[in-house]
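Structures given as structure tokens follow.
Heads up, the next two complexes both have chain A, just with different partners, chain B and then chain C.
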Partner chain A sequence: MKPEKVDRLATYLILAGASLVGIIVLLLLGYLLVTGLPHVSWHFLTSSSESFRSGGGIRDQLFNSLYLVVLTLLVSVPLALIAAIYLSEYAPTNRWTELLRLAIEVLSSLPSVVVGLFGYLVFVLQWGFDFSLLAGAFALTILNLPLLTRSIEDALHQVPALQRRAGLGLGMSKWRVTTKIVLPQALSGIITGAILSAGRIFGEAAALIYTAGQSAPAIDYQNWNPFSPTSFLNPMRPAETLAVHIWKVNSEGLVPDARAVSNGSVVVLIITILLFNLLARLLGNLIQRRLAK
Partner chain B sequence: MTTDPALQIQNLTISYGEKEVVHDVSMKFPANQITALIGASGSGKSTVLRSLNRMNDDLATVDGQILFEGLNINQPDVNVYQVRQRIGMVFQQPTPFPLSIYENVIYGLRLAGEKDKRVLDQRVEESLKQAALWDEVKDQLKESAFALSGGQQQRLCIARTLAVRPEIILMDEPTSALDPLSTSQIEATMVDLKKDFTMIIVTHNMQQASRSADWTAYLDQGRLVEFDRTAQIFMNPQQQQTADYLSGKFG
Partner chain C sequence: MQGPQQNLLKPSKESREEWLGKLVSGLAIVLIGGLVSAILIFLTVKGIALFVQGEFSLGKFLTDTTWSMSNHDYGALPMIITSFLITVLAGIVALPMAMIVAIAIAEMLPQRVERYLKPVIELLVGIPSVVYGYVGLTLIVPALQRLFGGTGFGILAATCVLFLMILPTMTSMSIDSLRGVPQDYRRASAGLGATRWQTITRVVLPSARGGILTAMVFGMARAFGEALAVQMVIGNTTIMPKGLLDPAATLTSVLTTGIGNTVMGTTANNALWSLALILLIMSLAFNILMKLFNKRGGQR
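Up next is the complex of A and B:
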């Protein structure tokens, strides 16, 4: 065959493959929107769930999911940042560093059910956290750390090596170069990575069933004291998240409108994750532009 | 040697891991002069240059003495950060930070804790004038350094190095990424700077060495072959090896 023909054929094949992936995603998204969107209303978003009657909402589950994302990021971003700075800026190239990278990669391939059961044994029972947001946040941190560390490390690597040498050449210490030159330039990538990871943990269910729990006790949104058991801010209370709610409603839901609740929850979940992705892009671009100015 | 050396190296031997790449090099760099290090790729000239202000600390093992103002600065207990403030460096490619022109110039000074606006303003003007960039940028000091051309960026980096007021400036192929016009501007700047600074430059460009350097050292495979006044090296080299290298390139 002539090179031009082969080239055209290859182009068609690549285009077909890419379109297939795109179409599958769009079909799924469309199906979920069509089946779920009619059930999403202001009432659905702002009322608490029901156990036996129909007409329940997802207010608490949605809040729990968002709050859990915040808690998880509070724990995992500093840890991942420290690990990534070590790996990118300080780690020598030797066996020990390779072992460390391997360990991180292995951690990222752990099934989330295993992480959930590990969290149940260690955080819930051993450390006495009980079923709580904090236990959930720790379990999600284990899931989140490898990918977040990797994405922050990538962001740090994007900063040209010459920038570091220019800083060192001016008599700056390595730590100063890292904090004053490398981190500011990597900021947009770090924030993007953190928000994208927020989207991932927002949809996680398996790791939470045995850590954050499956119950959503009544909480008081006026109570700002995080140590009070009924406060919405209390990190030690059990908290069913949106993803866990979807799983529970589908597997053992007793409400007559279980199907509709599930579909509506899925739509809210997906739209929120899409918003996270959008936000990551917007913020990333914004910081990038400010930096270049 | 007619002038006092600003910097002197004695029996400098440098290895990357097991591999020795610079063998027993000794040189005196005269003050307020430009010394060029020339040689083929892999001759060790850049390695020598980067060792002079301890930029090779993490990468290589440097044995031997580097004497600066009577002190051997190649010792673990010497403060490398102060060394690098006194012996500044300009790199192959312009490396402005993503900040305004003004902030770039005073970066080192700010880190040293200087806050007085008058001092900073004055130092910016002085350093940019020394780097022959003032007239071109004096009305846009608050604008991003990225808006400048490559040649201007490199002169900005020279100004940034000058603003810390070093005694010696090391230049690692400072014009290799620039066009001929920018190159000749940088060379002219270097000659102007001689009265205040000692410069040591690594270059692949032999015309550059012959045009701007007072002294030239030819290195080959990690050994110093010949070191003399530039005119002497280019017109009447004492070593056959030097003559071969120069004629081969100039053909």
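Up next is the complex of A and C:
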């Protein structure tokens, strides 16, 4: 065959194959949305889950997931910021920095179940947190730290070196240059990275079943005292998240309407992650435009 | 000394502020170094307890084929083999698919299409693994049941789920590595009279080889470490797999179901931690493999 013919044939085949894969994936997403959306109602979102009867909702699980994301970001953003500032602004290029980067890579490739087990061993048992939101947030921080550090470091790298030199030339200290010149310019990148990472940890389950626990005890949304055991703000209570709920309902659950509950939960999960992605884009653009003015 | 001279010799306000930078540097090193060493040390200590305390021999752990907690048999070979099997199968199926989609998007379709597809791929990468597990449970398992009989739960179902799960990641990484090939290569090839397909297969793909292999290993590492999605569809029987349709158990699925049902410090519990240690070692091995591919890719 002539090369031109092969080229045309190969192009058709590749495009056909790619569209097939695309169609299958879109059908899959469509299936999840179509089977799930009818179950998502105001009642489903605002009533608590049932363990044996049907008709349960996901109020507590959804709140736990969101609250856990907030707690995790509260812990992991400062830590990642410190690590990223060091790596991008201060770290000398030597063997030790290489080792540190290797350590971050190792951290990022750990299976989440291994992170969960480490969290169980250290936070839950050793530190006596028991199954709690805080233990879950720490475990998620371990998962989140490497990726967040990398995205913040990238954001810092985007700031032109000339800006730093200008600041140093004016007699500013390196610290001042970092905090007053580099960080503000990298802000949009940092926020985008943080929100994208929020989307990632929102759906995490394997690291949580042995840290945040698999039960959602009744909580009181009127109780604003974070130290009270029934308060919704208490970080020391066990908290089943939405993703854990999907797993639990399908593997060990006893509710008769497991399918309906999980269909609905899956849709809520996917839509929330989509919202996180959109929000990251929007906020990133918005801040960028503000700064450009 | 007095007056202006003294002021010149003193450290300035700016340089005194620099201790904050040193503090941040120190904290970063302690934080990351400490965390990684803590994870490695804790999991290693727990993982070797089974053998150090003489409760079970390492050789039998790695080669014995019966895993039964009630009989104190802790032969992990079935799980090790199943874990590798589904990982390799998923990787082998996913690689050509990811390549086809990546080539279509990066080399054939107009740039505009990529702008629309990128958010979709990003969303798919971000879909949590339990959702893929749930898709497996509600679509793949029943389909396999209808096609081949039996329960549908098993190695094939797990492979399908993992394939779906790692496909978006591998695709997006492959697109990036194809995009990393300099445009000049393509122009030079076209200038020599090569067709687009010849350029792709003989110039672009070989140049992007390191990145593509890294994408494959990355996907397989994710598949190897995936716990819940696999646990939901594999059937969870800790026996040696004989066929693709048989139910089986992986290192991760046994860990997920087991840790909650055993008491800390017992032999059964220690055996589970040894499984976790295998997972840890494998994730380090995948890491080294990726480094090697990356280095080779960079040299070419």
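Methods note: the second predicted complex is superposed on the first by the 268 of 293 C-alpha atoms of A that agree within 3 Å, B and C clash if a C-alpha of one lies under 4 Å from a C-alpha of the other, contacts with A are read in each partner's own complex, and residues count from 1 in each chain.
Heads up, the rule we're going with is that a contact is a pair of C-beta atoms (placed from the backbone, for glycine too) under 8 Å apart; a residue touches a chain by one contact, two chains touch by 3 or more.
Note that the structure is a prediction, hence the values are computed from the model and not measured.
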Practice task
Scan A:L162 for contacts with chain B and chain C and give back first, second, both or neither.
Solution key: first
Practice task
Quick one: classify A:L282 as touching chain B (first), chain C (second), both or neither.
Solution key: neither
Exercise for the section: With the two complexes superposed on chain A, say which partner A:I181 touches: chain B (first), chain C (second), both, or neither. Expected result: first
Handout entry: Partner, of chain C and chain B, that touches more residues belonging to chain A
Key = C
Practice task
Once the structures are superposed on A, label A:G171 by its partner contacts, choosing first (chain B), second (chain C), both or neither.
Solution key: both
Practice task
Mind working out whether A:L110 is in touch with chain B, chain C, both or neither, as first, second, both or neither?
Solution key: second
Practice task
Using the touch definition from the top, say if A:R259 reaches chain B (first), chain C (second), both or neither.
Solution key: second
Exercise for the section: In the overlay, answer first, second, both or neither for which of chain B and chain C A:V6 touches. Expected result: second
Practice task
Once the structures are superposed on A, label A:G203 by its partner contacts, choosing first (chain B), second (chain C), both or neither.
Solution key: second
Practice task
Jot down the residues of chain A that show up as touching in both complexes, chain B in one and chain C in the other.
Solution key: 171-173, 176
Practice task
Within their complex, state which residues of chain A touch chain C.
Solution key: 3-4, 6-7, 10-11, 14-15, 17-19, 21-22, 25, 28-29, 31-32, 35, 79, 82-83, 85-87, 89-91, 100, 103-107, 109-115, 117-118, 120-122, 125, 142, 145, 171-176, 178, 199-200, 202-206, 209-210, 243-244, 246-247, 250-251, 259, 262, 266, 269-270, 273-274, 276-277
Fill in the blank from the handout: Per the touch rule above, chain B residues touching chain A in the complex are 53, 55, 81-85, 88-93, 95, 97-98, 107-108, 111, 144, 146, 157, 160-161, 164
Problem - chain B-touching residues of chain A, taken from the complex the two chains share - result: 160, 162-163, 165-166, 168-173, 176, 180-181, 184-185, 291-293
Problem - Complex contact set, residues of chain C against chain A - result: 12, 14-15, 17-18, 20-21, 24-25, 27-29, 31-33, 35-36, 38-39, 42-43, 46, 97, 100-101, 103-105, 108-109, 117, 119, 122-124, 126-131, 133-135, 137-139, 164, 167-168, 194-198, 221, 224-228, 231-232, 252, 255-256, 259-260, 264, 273, 276, 279-280, 283-284, 286-287, 290
